[in-house]
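Should a chain be cited, it is by its letter among A, B, C, D and E, assigned in written order, with residues numbered from 1 in that chain.
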Amino acid sequence: MEVALKQQKRRASYWSAAWGRFKKNKMAVVGLIYIIIIIIVSIFTPWIAPYPYDEPHYAHTFEKPSAKFWWGTDDLGRCMFSRNLYAMRNALLIGFGSQIVVLIIGVIIGSIAGFRGGRVDTILMRITDIMYAFPTFLFNVILVTVMGRGLFTILVAVGVTGWAGMARLVRGMVMYLKHADFVEAARALGSKEGYIIRKYILPNMLGPIIVSLAFGIPNGIWIESGLALIGMGVRPPMPSWGNMIGAGIGYIMAFPHMVIFPVLTFALTLLAFTYVGDGLRDALNPRSEV
Amino acid sequence: MLSKKVLIVLLVLVSIFLLSGIVNGQKERVVSLPYWDTPGLIPYYWQAQHILAQGTIFEGLFGYAPDPKGLGGVKVVPVIAQSYKVSKDYKVWTFKLRKDKKWSNGDPVTAKDFEWSFKYYASPKIPDLPAWAGPHQFIENFWAVKSGAMDLDKLGVKALDDYTLEIRLATPRYDMKEWLCVAQGVPIHRKSVEADPQNWWRPGKIVVNGPYVPVSWTPGKDMVLVKNPNYVGERGNVDRIVLKFGGLGLQQYQAGELDAAMIGNVAEYRFVLSDPKLSKEFHEDVMDCFWNGYQWSRGFDPIMDNIKLRQALAMAIDREKLCKEVLGGRALPLNKYWPDGNPIGDKMKGIPFDVKKAQKLLEEAGYPGGKGLKTLVFYITGGGDPVVEFIVDQWKKNLGINVIIENVESGLYWNSYVWPNFSPDAKAGFTVIGAPMNNLEIGALMKNSDHTVWFYDFPTSARKRRHELYQEYDAWLRKEGGLTEADWKTLIEKRNTLYAGFKRIVDNEPEKLWREELTRPPLWYEQFDELYEKWKAAKTNEEKTNYWRLAGRVLTDQEGFQLWYNNLSSQSKQAYRWRYKTINRPFSDAVKIAHYALQPMQDRYYMVPVYLAKAQWVKNPKLEGLMLYKFSWGPGFFNFKYLNLKD
Amino acid sequence: MAELLKVNNLRTYFYRNEGVVKAVDGISYKLDYGETLGIVGESGSGKTVSVLSLLGLIRRNGRVEGGEAIFDGKDLLKLSKEELREIRGKDISIIFQDPMTSLNPIMRIGIQIMEPLIWHRLLSDKDARDRAIELLRVVGIPEYKTRFLDYPFQFSGGMRQRVMIAMALACNPKLVIADEPTTALDVTIRAQILNLMHEMKEKLNMSIIFITHDITLAMNFCDTIIVMYAGKIVEYSSIEKFIKNPLHPYSQGLLNSTLDIEKKEGSLRPIPGNPPNLINPPEGCRFHPRCSYVQEICKEKEPELREIEEKHKVACHLVKGGNLNA
Amino acid sequence: MGLVKYILRRLFTIFVSLIAVIIITYILMWIAPGEFFNIAQFQASAGKVATLTPEQLQVLIKGFEEKYGLNVPLWKQILNYLKDAFRFKFGPSFSNPNEPIEVQIARRFPVTLTLAILSMTLAVIVGIPLGIIAALKRNTWIDYISMFFSMIGSIIPAYTIGVIMVIIFSVYLRVLPTSGWETPKQMIMPVICVALGPMAVIARFMRSSLLDVLNQDYIRTAYSKGGTDRAVIIRHALRNSLIPIVTIIGPQLAFLFTGTVWIENLFRVPGLGQLFVNAASMRDYPLLVTSTFILSLSVMLMNLLVDIIYAFLDPRIKYE
Amino acid sequence: MPELLLVKNLRKYFPRGRKLLRAVDNVSFSIDPGETLGLVGESGSGKSTLGRTVLRLLEPNDGEIIFDGIDIRRLKGDDLRQIRMFMQIIFQDPLASLNPHMTIGQAIEDPLIIHNIGTKEQRRRAVMELLDIVGIGREFIDSFPHEFSGGQQQRVGIARALALNPKFIVCDEPVSSLDVSIGAQIVSLLYELKRQFKLSYLFISHDLAVVKYLSDKVAVMYLGTFVELAPKEELYGNPLHPYTRALLASVPKMPKNGGRQRKFPALKGEIPSSVDLPSGCRFQSRCEYVMDICRREEPIFREVSPGHFVSCHLV
């Protein structure tokens, strides 16, 4: 129903309006709080974790949760709680890091295709199509093989295999924004292309890009766990959820705590990101207000 | 309507099936066992995994029978062979065959089957035969035949009559009986192979001479074996064996789907012990043919030349603690290549666990307290490895040395880091190594420890050069040239230098066996000269280039040999001489002197033993005759012909 | 003429996060058989909601808060969901504003026309098909037999609106609600559609509620006119009286704002200001902040819809004796 | 005809893309550390060549190189591979010299296809109603709970769920066999495990798609014509909201070809996933390139199929 | 007085597959300073494309555009940007024409920033003045467009267009998405501005009444070309082209004392696609007076009386 919009003196920017919509989604807010907490925890992990992630206690192997080891210990008697914290930190690094790579490649390719159009666009989009058809998992494996293992290379690999969606998104946005009325207006005012991009196109692309990134992060974490399961994850003794779950599942009959805690934290984190992604999508999509 | 009909038909079928069982009055005896997937059923492609081929679906002249006191828990017994004779120089073996053995289609098993099969394996038609794993490599002219240079007829295998087989060898072998137990020692059925060379091995089609016939094989899932009705000889009462690949072994056992299951980790071990029923069905045995430990990298970092460093590291590992706490009692500490209580192990000196001494050695090595040492890399595969993490932790704690663990995918790991002679990409560091006996041959008594002598124990610079020579040797195959005398000039000069070096080696080598080996005709320089002559007579350019290439290869090979010989440390040379002496002896004698070869190898600290694994399993109490496979590639069961299911 | 529909004090509110939107706030009117009633107003005045409320078609955060709507002897607002459904499409049908989005894009138009006939069990499948084809002919679709199987995207806007009309007429309804049926169309097409609707009305003798923002159109097309402002009726009159004497300041303002090709240059006198926010509507007369005749009473007291003369009601304090006394 | 022309054009694009995919894979394999084309590779497959002299080794290597076509320069290898690949002749793999790869794939393909189709069917049968219920009961606890559980099911690694299911249903309850792939009973657990991921995706997608459609004007039109909830939702809302579902089923099916590997190992299902992942981890390089080839091909064909189906379902699509 | 804008034989085509969409096909006209040309036509007739092409927001395929004596088709880069200070555009959808991330103050200030005019302080003052001119309270300077009603958004769009003191503004259906009372306010405002600032408009609309109110001359466009162009009074009083007549006839008029109109003389059929143009006269498929010659030959756009151009064989 159209209702005359009230004339408010309050300054309500696009972003604060979006935040207002986001706040209404309870699950998303809970997810966001969880993510903020784990990000803070991850930053301070070395100080928070009760033990170093690689410190074994051979007298305490496979211990059930206790006051000394809150989430029990693993096969080398290492503190599961500490290892989970480090795994979380690595997961976040890979999640965010891979999306930075996605952002860089996707935005560059997408905007070149969108702005240039014509043959450049056709070629770049053909490359993007090929990326789409490339079996992501195998491609990841090959890339990790080529570049070697380690946190950084894995996040690069995850990013390198995942930018196609971003490129398409950015291209579509650029194509649309290029001929949007307000950009035409800016052009009619005689602004330079650079100015238009900076002041008109970029701010308007931000919303959908943020949503895409929000869904990309859990995806990156998920891919890393898959790689870790076949032993292509980060270097041990550095823990990652993938290899903790992979190792723990073998011990499930006798020592279920070795799999329950990593699975729980893993699932909660992915859930949180997904809910936040949902919330952002609804908040940044003006159509959602029905 | 339709479904009702189908249902009725099904019901009828099922009841007929059930009734027939009752009417027959006997239940089929089925045993389900865990197994690992195989690359196929063709016996000659099987490397050390001769488990199925030998004794279960195929049989050779000799085979294994259970012997709790024997090495590997087995003894070698004649299977198709009835008796044998061997020439004095151990080069000509003549076997008399049993006359009652039959193929599964009823054809008799004859010496001709052996002759034809061995020639078939040796032919260039099978280019990727893992020849190192079988007895054929010792047969006269095998390599010439394999390369296509010589006719199949020249291979030293001959059926003198239907039940007599003569095998002539290129070099003396005292352990030919043992070698004939492996997968490549079995014959295959000529008629069916020739009828369908591509698919003869498929279940349902394959003709075998062992106690069981494969009736189905689904890679990734299972293989089903049924009794061979035409089999003559001793075997158990099991009618059908289902080998299941993968899955959760223990859970399958608990669900009653397997009659035995290997225990894979400490958690399962503790779980089984805590379970009143499972703990009664629990068994274990020590895998004494297999030591586990680590080896130094196969790269070219000179830091690895420092023996004191190697020694310090080897002495700084608390093996007791590892076995007790990390491996949870699923292994025994091991500080030498053979354990105590074994005729070889008893005579060997172990590597002590002595942190003080290790620290002192490290200081002497130039890295007091681990300072100044670059970061070493421990390559592993497949996620985490608690043993490696323990060792790395020990080095950190006891010596202050920082080692990072690098995880690589299994193919790269085994192919480029663990087994190849050299891997230029490998950084200074380690891989784990499980050094097995592949079978009961004499060389295997060394348990791969001889790699230390062959590849490592000469300076990095020489090692690098050796690697280059390998590549050069390879490159000669594709070199262009050799059409003019000028091309030969450098070769001839090189030949003469190498000849002088060779002369020196032969004159000074004290070990007679080794000298004999080196001077067995045709000698390398004779080959070279002959190639040169042939070149002169050659008509086409193609021929000329070919002779020139071959001559180049001969020289490169010799250069490589001399490089190696001249750079070996005296201890390694000593070990090598003892190795010669050992393998030039029958098995029983070899065991007595193997330690002379092994001790110096072990003292190079390149391949360091850490523990001896135990095999642990649960099994159906009614099942008997299960044989543990103790040779290469870890614990499993094999040789199913003795399986018995009690009622 | 007999009464077909009588709406009494209808109120429909929307519940939004910012507050309650009183989209329709106590409106009453009646409609006779064969009458064409025009409801005129600007966006947000509640003209569409006032009729969709009758059929229970308002969006999910809206609710009818009170009133009655007697249609053919039954109170629509008190009917059960099923009873109301029986009326929808059969007795009362709607032509929506945007023929682009109001037709199911992946369903053949013929089927869409058949649906009300089948849903109300009026005809068998086959008869319904014949009837649908006939309807397509009646609304002037060329090659109607083959186009029966076409999809909406294969039609132009005008043709789609014809399909919507055919659909609305399928069950010979007593009342057709046309919700801005020509707004999305070009002038020449608009004329075609208006002619068609007029023709259909003559032929089928149905009643029409014609919702529009175009007061000129309503004045030409309708028998009776309702002018709505901010959820309320400000003027309710037979068309003759309205043409002669539009009384409410808003009606006058609207007429003054409306450009006509016969209007002289400089004669445009737009209403100042903007329509109010319906969450917090102005006290008193809702139009008073924009009214050029505003007096104290207008700010305090809400005017009632009073009958000034026969068939002419106005809600304004300032109308006295058939004149606007400013 | 537009469609035929369109398909031909798409097939040509697929052809070109496949060539690109193969070249990229080959080059990446070539850059990768670890030597594939020389002695090391051979020694690797042979395990321990130590007892052989270099001359003897050479005999084996030469045969090996010839068998796998490694005795020519890289560009020629690629060319040869391409020539054979488009005739579906891939030669033997390193790990299984007995059988050409196409035979191995042909044997395993039906299994994976069955697993994929069964799982996808389950995912669709459960996911779509779940999404519909969630959409119709939006913002109620039914919505939250069904979405939460479907998401949890897709987030926890399927392998973990599989192991837990085996312990519960096979070891303790003894109602299902632990593994195997002959009887319907054996298929239950693997199919459920594989279906969980796509099910969640479908349910979520279905929910938002249906919500979107329910807000469309033509739904209001349908109600105004006197449609019952049932008629309107089934005839108008569902049909329209189901069409986009097709677009996600295609890629999901393609994903299942590799994504099932853990489940295949766990439940002893002899499918393609094992083969492909082994190829990657064992660096079985002919098999690896072929896996990439086959997977890319199936993704592209699947996408083409989806587009064609889409066109059948949605009359608005026209090919230009 | 020389023309402010002279357009000669302007063409703008868009590729559609292998065919061309002739959105603007051979259009010529002129606008004097302070004069307003109204442009009417149905959707799909090419009105908006013409408006944007005149400003070179779209690159024309052919023809000349002379603005103030300068051939703007020849201009490049900075020169083009400079001349855009003098020609502006107002859009149909006011919300879409404003950047959602800019406050209205920023939006109105933006042209001044782009052309680097004044200090921050001066610009602020200019914005305030512009707000006064278009009738928006100064207190709303920091509000965002989405907080406004359509009419106010359009006022912002107008203020932005006025910021650089242009001589010429293309008004692309500026009131068609607005409510009646608001639209009237905007029309009034445009009328006032025109008088106050001696502006020239190219006023595009499908609403004949609005066009009549604001324009000095009016052009009727059909399928990419002008079918008739005449001074306002002439065109409305004496329409010559059958299409113009039909358009005028189909508009409902305000009923005067009882004179209700319940039937509208409607043109038959619908506007054809600009991709597949009819042969001969473009209007022949819908014309009730169609003759043979109309199907064969395209009529010439010619001057039949001073200032009155029409393209019809019948005239």
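Simple rule for what comes next: a contact is a pair of C-beta atoms (placed from the backbone, for glycine too) under 8 Å apart; a residue touches a chain by one contact, two chains touch by 3 or more.
None of these values were measured; they are calculated from a predicted model.
Asks: Kindly list the shared contact partners of chain B and chain D, in label order.
Replies: A
Asks: What is the shortest path, in steps, from chain D to chain E when you may only step between chains that touch?
Replies: Graph distance in the chain contact network comes out at 2.
Asks: Report which of A-D and C-E is connected by more C-beta pairs in contact.
Replies: C-E
Asks: Measuring from the mean of all protein Cα atoms shown, which chain centre lies nearest?
Replies: Of all chains shown, the one whose C-alpha centroid lies nearest the global centroid is D.
Asks: Please compute the C-alpha centroid of chain A, do the same for chain B, then give the distance between them in whole Å.
Replies: Centre-to-centre distance between chain A and chain B: 47 Å.
Asks: Report the inter-chain centroid distance for chain C and chain D in whole angstrom, where each centroid is the mean of the CA atoms.
Replies: Spacing between the chain centres: roughly 54 Å.
Asks: Where the centres are mean C-alpha positions, what is the separation of chain B from chain E, in Å?
Replies: Taking the average C-alpha coordinate of chain B and of chain E, the gap between them is 88 Å.
Asks: Measuring centre to centre with CA averages, how many angstrom lie between chain B and chain C?
Replies: 90
Asks: Where does chain A touch two or more other chains at once, residue-wise?
Replies: Residues 4-7, 141, 145, 229-232, 246, 252-253, 290 of chain A each touch two or more of the other chains.
Asks: Pull out every residue in chain E that's touching 2 or more other chains.
Replies: Each of 149, 152 in chain E touches at least two other chains.
Asks: Mark out which residues of chain D touch at least two other chains, giving numbers and ranges.
Replies: Where chain D meets two or more other chains at a single residue, that happens at 33-34, 163, 167, 280-281, 283.
Asks: Tell me, which parts of chain D touch chain C in their complex?
Replies: On the chain D side, the touching residues are 216-218, 220-228, 231, 235-236, 239-240, 243, 313-316.
Asks: For a test of understanding, state which residues of chain B touch chain A in their complex under the given definition.
Replies: Listed in rising order, the residues are 250-251, 264-268, 270-271, 274, 321, 325-326, 328, 380-386, 388-390, 392-393, 404-410, 412.
Asks: Which of the residues in chain A end up touching chain D in this complex?
Replies: 27, 126, 129-130, 132-135, 137-139, 141-143, 145-146, 148, 222, 225-226, 229-232, 245-246, 249, 252-253, 259, 263, 266-267, 270-271, 274, 290
Asks: Provide the residue numbers of chain C that touch chain D in the complex, in ascending order.
Replies: 55, 57, 82, 85-90, 93-94, 96, 98, 101-107, 115-116, 119-120, 151, 153, 164, 167, 170
Asks: Spell out the residues on chain D that touch chain A in their complex, using ranges where they run on.
Replies: These residues of chain D touch chain A: 13, 17, 20-21, 24-25, 28-29, 31-34, 144, 148, 151-152, 155-157, 159-160, 163-164, 167, 215, 254, 257-259, 262, 276-277, 280-281, 283, 288, 291-292, 295-296, 299-300, 303.
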